[in-house]
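Across the two complexes that follow, chain A remains constant while its partner is chain B and subsequently chain C.
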Partner chain A sequence: MGLRMNAFRTDQEFFLDPQRCIGCHACEMACAECETNGQLPMIHVDYVDRYFTPQTSVQICMHCEDPVCAKVCPAVAIEKDEYGIVHTAKTDRCIACSNCVNACPFGVPRKIQPMDLMVKCNMCYDRTSAGKKPMCATVCPSGALFYGTREEMTRKRPNSSPVNSFKFGKQTVKTRVNIMMPKGATELVVDDSE
Partner chain B sequence: MFTTLNLAALLTATLATLGLVVSIFVGSRNLGNFDPALIAYLFGCIFACFGVVYRYIVWLQRPPTWRYFVRGWQLFFSGKAIVYGWELTKHFVVNFLGQRFIRNRGKALGYGHFLMAWGCMLAFAVTFPLVFGWIHFGLKPGGIDTYEIYTFGFKTAEFPLHTWIATLIFNALNWSAILVIAGVMLLMRRRLTHAGQIAIQTFENDWLPLLLLLAISVTGIGISLDYKLMEGRAHQFMAITHAITVILFLIWMPFGKFFHIIQRPAQLGIAIYRKAGAEGPQAVCPHTGEEFLPGMQVDDLKTVTAQLGCDFTRKDGKSHLDYSPRGKRALLARAHLKARAESGRYFG
Partner chain C sequence: MATLPVSPESIIAQFGPSLNFPKPEGIPGRDEPDAVVKTHCCFCGMQCGIKLLVKNNHIVGFEPWEEFPFNEGRLCPKGVQRYLQNDHPDRLLTPIVRVAGKGFEKTGWDPAMERIVSEIQRIQSEHGNDAFAMLSGVSLTNEKSYLVGKFARVALKTKNLDYNGRLCMVSAGAGNKKAFGLDRGSNNYSDLAHAEVIMICGTNVSETFPTLTHWIWQARDNGGQLIVVDPRLTPIARTADLHLPVRPGRDSALYGAILHQLIKHDWLDRDFIANHTTDFDKACEAVADYDLDWAERITGIEKAKILRAAEMWGPARTSFLLHARGIEHHSKGVENVLACINLVLATGRIGKPYCGYATITGQGNGQGGREHGHKCDQLPGNRDIENPEHRKYISQVWGIEEKDMPGKGLTAYELMEAIHRGEIKGLLSICFNPLVSLPNNSMIREALEKLEFYVAIDFFLNETARHADIVLPGSLHEEEDGTVTTAEGRVTRIRKAIDPPGDARTDTSILLELANRLGAGKHFSYETSEDIFNELRVASKGGTADYFGITYQKIEDNMGVFWPCPSEDHPGTPRLWEDRKFKTPDGRAHFHGVAYRDPGEVTDADYPVILTTGRVVSQYLSGTQTRRIGKLVQQYPEPLLEIHPKLAARLGIRDRETVRVSTRRGCAEFPAQLVETIREDTVFIPYHWPGKKSANQLTSGHLDPISKIPEFKVCACKLEPTGKLAPSPEVSQAWASV
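Right after this comes the complex of A and B.
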């Protein structure tokens, strides 16, 4: 996509394991270093339900195959490139309506109101397009965020399976980013959990 | 080819183009005030009119765009025209004329875009009426030191020659070119030095528009410089290259990045929508217990996603769209934990 020679490694994938997140926020600090973000962290580190549990979770953009954020955008500001990266809103088109922010089933995009702009993780495109790993994955100390080949991941987590299919109510969402699930799982159903 | 034609867009664009042609005939008094030297620009404008309207109508038919378009007008005519009119005026002055939101995205971007946009707007204000023959100039009869301005064939103003007013008016396109060149320089510098921009920019979307605006401005100023400093020796070259670049701009307008000039006013509709939403009932996230979005927008989003073939309805009848972004992230984390727990191993 960029003007320079593209060295995007198509053999590498993102593997997310929220269960391993220890809430250290290192990924958030590293994310803010990404030049394409304008020094704003795009990753989300949350306490899931702080009153009851110390569980923390990390969420990056899952780069959906058929991104609903792009579908609900009235300004056609969100586009997916040939590597399956769903880019942050085009600055000339985004009208900051918040449709994408609220339609994304993963709760990823955020709106910066003074800029009238939606921003989201673009998998550190400045780095990944040059063959490097995303910032968050390079600093995660607990393995919640891993970027590499599928073989590397299988060696590291022999008892887990990467899954890229999610069920949100009646809607199935397939993504470029994988979530690490119990071995043999093929789908993560996000439904009657509340 | 004809199966992909959008009938509504085709009809509207044809009507708009015919309307423009009629207004050119009427406004130029049956082409009496039309300058034949500008004929190529005229055809460029007519094509741009058709293309821009066609694309605009196609764009408007997308479910989310149409939803906002209808809502915007519904709200405006809901009996609060004064309140929303004031909101629109504020938004227009601050964010359109002042372009504050772009400065908030970055100083270089903000000031560069401000200069470029105002240069373009000034150039549009001068060029289109001149090309359409709606405005023309003439010497006041009985003398050689006063110029008259005619609008739609009616005399609207006069000004003395060899004064600062004359210099300002005759060089209006040169001033606009200077503004555009300054803006383009700031934005090109940003595109050459900002690592993030270098990573995601494309030639077609980011460099070509800047290069085209630079070419239009340089050749435009070149026409003036040529007759002032070179006795018009390069006039033909300057005039032809300027015409080519401007016509390229006009023809490309419906397809490329410049379409955002037409699209951007949609932001005004969002300003009304936001104000109406803030005044109405708010949606409360079942997970966080906090208000996160106007209820109207949640309902609209449910309608739009259904129209797009997405159904986020859960077994319990609730929708994932009822949850705030933080709530959605928590739902996912809890579902993941549950799946791990059910497998008997939290890690693997």
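Right after this comes the complex of A and C.
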């Protein structure tokens, strides 16, 4: 990924607002259309618990600043580029060991059995490197997925704050992707057990 | 005889529904398309802009159209997957003819057309012109809707033409005409953005109009509050500030009780009421006794919540009320609509920025298709077929004698009943699948079997068309030019991307040839869709739905034009009623006294549970299109019976257990889905599936006395556990159920 893609908009960021997800799956279907994905979605929408609520949650790769998936990869198949995008495993290097699948704190990478490959979201590098928005954030009908500048997001969602710091016990994970939290929040404590 | 020529299983083996999936290795040509065509989605009334990628006369994919102002690239899963109707193995590529014992066999256009014309002429000479009926649908463009209306009256010379909008928004249309003298959403959706309170009445926005969700959320970001009235906690209701889980069929009691509170607390715009409305006293009188205790008893909603709704709605400075099929699919559909309009008029919040009211039209061209004359009582421009002046004007546009213009015909469900009684002998249908979409469908099946001759035009062999003698292969949305009018009243361009495949033809060319062969060719000399539109403009001129000032070029230049647009220099009308000049004869908006009455069927000892029906996000209407798209089917593969765990426990029903649901019309079995997100006295089944999986085996044929909409949203049922867990969806294959 050494190629410099000048069209990549470094002022734009991904904002994920799971509260707004309406569970329509447009993002999954649109993601799967990407030819490099072989009709597999890299974004995942699931019911939290349909018995109690129609609430769904949506998960994309958070593109960690210090990606643990890359750290645990014995084949150095996963790389983060100069824009902070953590790319899917290189096909000629991935040995399908599943280290990344097990290590990711957000449960993002998936091992594709027939291909013996790990695949994950690369934030639509084909689109973002050409100055476009990722497909999922373009089609999302409810604004659960948004791609744009921080100023735009702050103006549009005055009641929420973007957060990109996640606390797992004593460890803090910082990500390129933001999630929208109630106004004033600065981090999401996923697990505060010591 | 329009019975099936062979078993339904044999027909399905040949014509589907079969599931089309995109190829994992990709679709050739997507990287370098021959053309990128800006058009709109073929499904709901939002009419989202979308770009289709074309290669070698095939649609090979899509791109979001981010510049189109309503959806800015946003799409729902149906829009993302719609291109898979193209190159579908089920696509009809030649005319087919019913051969008893053998199935459907290919035939040529000439023999098919000759037989159709001779059967029409035979039936009409033996039984009268009105014994041959036509059914149409509002997935058709404005041009085709207009053409169907003219074709039925001028070429087929029958009064019996109606359309599937009868199952969609006719209650809203009738209510709007009574209150405002005009049938269109009063505002475009940009007026949602700064509404202080939004009330969503009987519309599962996030599943049926997903891209509208964004506009509602935008209002909430700006501090707006959201009230949702729905018996189920839908995804949009989950996010509401106030959810009112109304008992199905009791809507007008709720809105009456809210009006009662507005009056009691003087949350009224008395200047507006005095200067611009009539009959406020009648509205007040009707709700005089509708106090909170009464309302709680009738609606099943806690009285504190009803009061809270009135407190939120009453003093607000800006507001937007939206409703859809949830209040319209009732034997009191028009009354429910009028009760909602009363709340808007009482507060005077209409015709001003961020003060809005609209029905959310369901079908792709539900708005335009209900304006230009393929409705049994209507002529173009939303004119009345029984009004002598309207008849005279349209007869003149069409070049016929006014005496030859047929009168008012039967509505869709009544038309099927007339077929059942043997009064109507022949049928031509296009864009309508009544065997799945009409209620009480065992009656519909019996009616179809009684037809002497039935011809259907469709791109897939839908369940109803299996009963046809001849099926003519028509065109998909992307195979013809035209316009549609969105739920906002915005007239937009549908652009042809490809030609119909094989020997399939455009719907327009099929109707034109039939008109010609029926001897009416001189009235149908159009070269292009634009020619038809230009005649529609003239025909609509001076009507309430006036398109005269709209041209294809103007639509192109402005990304749509809102009607009314009476002259070419007129900019269109995104927001109605700013001038306070309502289109009623007295120029005022009309209140109506809405006294509550029970739905057509109430629960009793034999049928103690309320059944309501609706849609899911991945399917569309009768599923003719969406039950053929693999991923949409996989997302929600079979109809489930949503039931509250407490009701389930009382009846001994477990999750995924097969439950027998019976009503006075029939019985059917569905897997139970236990959810706390539905009222305890109500169960829900989505209706997109055919045969034994059809919810409309159970629904009732009670009609609204004015709009004639069937009461899909409420009937009484009985539930019996079978003790058996339901097979997996892969086994039950509900999408192709017989």
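General remarks:
Please note the rule applied: the second predicted complex is superposed on the first by the 184 of 194 C-alpha atoms of A that agree within 3 Å, B and C clash if a C-alpha of one lies under 4 Å from a C-alpha of the other, contacts with A are read in each partner's own complex, and residues count from 1 in each chain.
Note that contacts are C-beta pairs under 8 Å (C-beta built on N, C-alpha and C of every residue); 3 or more make two chains touch, one makes a residue touch a chain.
Here the structure is a predicted model, which means the values were calculated and not measured.
Superposition of the two structures on chain A shows chain C fitting alongside chain B with no clash.
Of the two partner chains, chain B is the only one that A:Val189 touches; chain C does not reach it. Looking at the shared chain after the overlay, A:Cys140 reaches chain C, while chain B stays out of its contact range. In the superposed model, A:Asp116 makes contact with chain B only, not with chain C. By the touch criterion defined above, A:Gln19 lies against chain B and chain C together after alignment on the C-alpha atoms of chain A. Using the contact criterion defined above for the overlaid structures, shared-chain residue A:Phe52 touches chain C, although it does not reach chain B.
Chain A is touched at more residues by one of its partners, and among chain B and chain C that partner is B.
Contact with chain B, but none with chain C, is seen for A:Cys104 once the two complexes are overlaid on the shared chain. Overlay on chain A (Cα): least separation between chain B and chain C is 5 Å. Shared contact residues of chain A with chain B and chain C: 19-20, 35, 38, 55, 157-159.
Note for the complex: chain B touches chain A at residues 59, 62, 64-65, 67-68, 95, 101, 104-106, 109, 194-196, 198-203, 205, 207, 257, 260, 263-264, 266-267, 270, 273, 286-287, 292-293, 297-298, 301, 304-305, 308, 310-316, 319-321, 323-340, 342-343, 345-348. Remark: chain A residues 1-4, 18-20, 34-38, 44, 46, 48-49, 55, 57, 59, 68, 71-76, 87, 90-93, 95-99, 101-110, 112, 114-117, 122, 125-126, 129-130, 157-160, 166, 168-171, 179-183, 185, 188-194 touch chain B in the complex.
Of all residues in chain A, only 19-20, 22-26, 28-30, 32-33, 35, 38-40, 50-56, 133, 135, 138-143, 156-159 touch chain C in the complex they form.
On chain C, the positions that touch chain A within their shared complex are 21-27, 30-31, 61-62, 64, 66, 71, 73-77, 79-81, 206-207, 210-214, 217-218, 221-222, 233-236, 238-239, 617-618, 631, 635, 645, 655, 673-677.
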